[in-house]
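One chain, subunit A, links the two complexes that follow: it is found with subunit B in the first and with subunit C in the second.
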Partner chain A sequence: MRGLGLALVLVAAFTIVLGIGGLPPRLDPEGPVHTHVGARYAERGLEETGLRNLVAAVLLVYRGFDTFLEVVVIFTALVAVLALPSGVIGGTSWREPDAETSEPDAETSESGDRRAAAVVDRPDTGVPVSNVVGFVVRLLAPFIAVFAAALLYRGHVTPGGGFQAAAIFGALFIALGLVLGRAKADRLVPRGVRPYLQAMGPLAFALVGLLGWRLTGAFLGYPSEASAYVLREAMVVAVEVGIAVGGAVILARLFQALEGR
Partner chain B sequence: MSDPWSLLVPGLVVLPLAAATLVPIVAGRDPRRAGSFTFGVVLLVTAMAAALVWRVGEVGAISVPLGGWAAPYGIEFRFDRFSAWTLGLSALFAFIVPFAWRYLEGTLPRSRWHVFYALLLLNLGGLLGFSVTGDLFNLFVAMEVVSLSSYAMVAVAGRGVAAWAALKYLLMGSVSSLLVLFGVGLLFALTGSLNLIDVAARVAEAPASPATTLALASLMVAFMLKAALFPLHAWLPDAHAIAPSPVSAVLSGLVVKVGIVGLVRVLQLSAGSGTDLALVNQVMLVLGTAAIVMGAFMAVFQDDIKLMLAFSTLSNIGYIVLGLGLAAPFAVIGSVVHVLNHALIKVTLFLAAGSIIHQTGFRTLRDLRGVARVMPQTSAAMAIGALSIVGIPPTAGFICKWYIALGAFESGQGVYGFALVFGALFIFVYYVRMLNAFFFRPAVRAEVQAAREPAWSMRAPLFVLAALCLLLGIFGSIPLAFVEPAVVELLASMGR
Partner chain C sequence: MELFGFDLDYVAFMILFCIGLHMLVVKSNLLKKLLGLNVMETAVFAFIITSGMVDSGDPPILVAGTNPPFANPIPQAMVLTGIVVAVSVTAVALALIVQIHAHYGTIEVSELKERP
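For the complex of A and B:
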């Protein structure tokens, strides 16, 4: 059986190598990748979109709907992790505390209760955080936040943008959670607003898309007149903020799920 | 005022996805609200799809350039006659959601209901996006939304075995997704474009290259894996049987069709590529026939009713692929419509099976003997579904299989017509086994004798679905006539 698998892998690898050999030469300026759609983006992208960064122009304007679906994929990842029964990851119940008061159901088995209790009783972090680490993280936190915000705001001008800012914000939440302990970290993003924040990426896209339709007649269109500069900028920034905030909260919640919360 | 149709097509995709992000907020303190909210959204989506189908019938395919960027520079949504199945798709969700209201009680803790409904809406939005997009990369991302939510829905209600089934599903699904991404990447390197129509035209112009063949082959294998075509089916039975029944209905009826819709897209792409379509068709014929026979063969030995239904999906995917492989007008029309009709029948069967399991607590034929005496209405719906899937006239399953068989004889490949009839006989055997156990055997379990019909919110969707199984048989020529122009066009582009 193992021999058969190995043979299959070898045949597949051989086929792939053979096929890839038929691709146009890389870095050939006459290759189709550089002469068709890409060429038009490079030539007229900045002028047509009114943005100052080509990557942002493709990501948010030419192929904005791809980015919308990618943001939805990130949200789906969070829902998928929340869907996993306790014990599959993290090893503890993932129920929200307010659910504990609802009527008993199949899940409220004895072990479920014990686990939930264990979460509450357990000290904030298993291993005490070294003072040096704690101090450095707290010292750097505002700077990290400023850097993330700058990346976010400059995203449509220079490389960077919502996704990068989301990664840094998310990492900041996680680092602060490790240093300050769960209780304090939880207060950074109160439970009540989390459902709103985690939805911000797809929602920002949907609303901006709708506004674009109202203004230009095309969903996710951006007004192209020079006079609409401020409005266009505002729409792009709204999408970027949605991606950044939504992404950061989702990253933090994924980490909490891994911790078993 | 902007053209409303230009909003309706993207709106069809955006609405369920955006609504999914709102489900946890709407659920708030009362998780039941998530159910009604989801139902409302699904109804709205169904109405939008109905309007679009009507419009396509009037004026032909609607092409919407997103953001106003004409293809191939932007992403194009195309709502054509094939996309009309989105109406059936969203309508079936409109039956599954109210069924789930009561089904979830006792199946899933209330604190997780909003997760379930959010996943359903994400799945619906992904399926709709996959069906209407005219862009290869967009196709891939939409497929990821569908896949990710499907894996999670398998795992949502169980521990242990369900997690393993979901993991197996995830691994196979990821292989398939990577193959799609690989194929799309190769096609982009070859053509510099991602728009389906543009890529097809440029592939046809370009000199034949092994890279083109590799790209189309990896897309084809990937979609066969997504469709669980024999012998790439190993992930399907566990995942579909272990999931909660409304989820089984979604997965078995609708999500596997991603593979079929994808296959049709690849056929459109490869029509002019210099790839030997005769060989491709031959492969589809052989695999389709093998899937019919193997699916039926394995189903005969199952005792678990949901596993039986899962294996029957394998057979039906076989029918659809066989019809596509015949590449004769009748057969392809039959196949395309069977995508929808099988979805309807399989949803009916899984919801009926779900009701029976929910009310009795048993899931094997042995334990469920005599259940028709205490649950006559549900069992009747199940029987109608079973007759449909076997293909007894005048039901929804008959007309498609009849068309596929006609196509086989018409194109002089009658041997496949006989394979199809033989497969139907085999399938008949195991459904007779099931109906016999339900209707004519004395009950062996006290719990079964004490069972009752389920709540009305579960029974009503089931009745309407069963009625539709009959109606789509009687008025089956309407969808057949609707897709005919699109099929003729597809076959013409393939040189037939």
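For the complex of A and C:
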């Protein structure tokens, strides 16, 4: 098996070396990468889309269908994960048995009060959360949230955007869930609205796409007149917010599902 | 920078890709296989992003202070798509690995093969 694997890797390496040997020189401003359609985006992207961040312009306007289906892909992944039966069967936990028994009851009963004051327990697992981790996560949480919101809000004029904000918001949800325990973390995203939030990416895209259809006759079309500047901006922001909120909730939910909930 | 006539960055990504492929093929642990897959994906993303860079270029954001030539925005947008797909694949694969562990009590392929 090892020999076979090594042989396969060598074949792959050889093939890739042949491939990269035939590529045009990198970093050359006259290379095909920069003279083909990319040059047109740089020239007319601002005028055609009104977005100063050309990556966002490509993502939301020029290749909007691609992004729409990409949002559908991650939503489908969540549906697939949730469709599987829960990972915890018959009460057996994913954790190694040693880790669970290594916390004797004597310790908790003896110095339970002192420990409760010093260490924040996750009530659901009984595994204590380190003071340092708990403090740092609580301290940084508002800053992380502001950073994610800034990435989202300024995404069309600076580096950033919906997906980046989604990743950071999702990480924040997961970190808070680890530190605060499941019950409190669940309250961050109320159960009633959770299904709608999880589907928010595809929903926002579909709504904006249909609105564009109504206005311009093309699905995901954006009105190009200068007078429709505000409307176009609002459509872009709606899609970005949908991606950010939907993506963040999906990421947090995926993590919960893998924990066995 | 060049190495034997090949772009050094491309060679680095080729090596990274091969490391991931080796993990994917040789390792028996399903989690390690998944890690290998992610390493391969990272190599591909880095390759695509790098191919769109330009000498003394600016990020493709048209604000005061940035001037042509701009890095190509298309590879960056494509990689963003790719990353989301990679996350989806990883999530589904992890969920399946959890299922396999709950069912068979192991995630080693060598041990799984012996089970009925």
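We adopt the following convention: the second predicted complex is superposed on the first by the 202 of 261 C-alpha atoms of A that agree within 3 Å, B and C clash if a C-alpha of one lies under 4 Å from a C-alpha of the other, contacts with A are read in each partner's own complex, and residues count from 1 in each chain.
Here is the rule we go by: a residue touches a chain if its C-beta (ideal position, glycine included) is under 8 Å from a C-beta of that chain, and two chains touch if they have at least 3 such contacts.
Everything numeric here is computed off the predicted structure, so don't read it as measured data.
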item: First, second, both or neither for A:Phe65, with subunit B first and subunit C second; value: first
item: Which of subunit B and subunit C A:Leu8 touches, first, second, both or neither; value: second
item: First, second, both or neither for A:Gln256, with subunit B first and subunit C second; value: neither
item: On subunit A, positions contacted by subunit B and by subunit C; value: 16, 20-21, 23, 31, 33-34, 37-38, 41, 63, 66, 70, 73, 76-77, 80-81, 84-85, 87-88
item: Touch list for subunit A against partner subunit C, complex; value: 1-2, 4-6, 8-9, 12-13, 16-17, 20-21, 23, 25-29, 31, 33-34, 37-38, 41-42, 45-46, 52-55, 57-59, 63, 66-67, 70-71, 73-74, 76-78, 80-81, 84-85, 87-89, 92, 94, 157-159, 163, 247, 251, 254, 257-258, 260
item: Interface residues, subunit B side, partner subunit A - complex; value: 2-3, 6-7, 10-11, 14, 17-18, 20-22, 24-25, 29, 31, 64-69, 72-75, 106-112, 115-116, 118-119, 122, 125-126, 129, 135, 137-138, 141-142, 144-145, 148-149, 151-153, 155-159, 162-163, 186, 188-194, 202, 206, 209-215, 217
item: Residue ranges of subunit C touching subunit A (in the complex, touch as defined); value: 5-7, 9-11, 14-15, 17-18, 21-22, 25-26, 50-55, 57, 59-63, 68-70, 72-77, 80-81, 83-85, 87-89, 91-92, 94-96, 98-99, 101-103
item: Partner subunit B, residues of subunit A touching it in the complex; value: 15-16, 18-24, 31-38, 40-41, 61-66, 68-70, 72-73, 75-77, 79-85, 87-88, 95-96, 98-99, 102-103, 105-108, 195-196, 198-199, 202-203, 205-206, 209-210, 212-214, 216-222
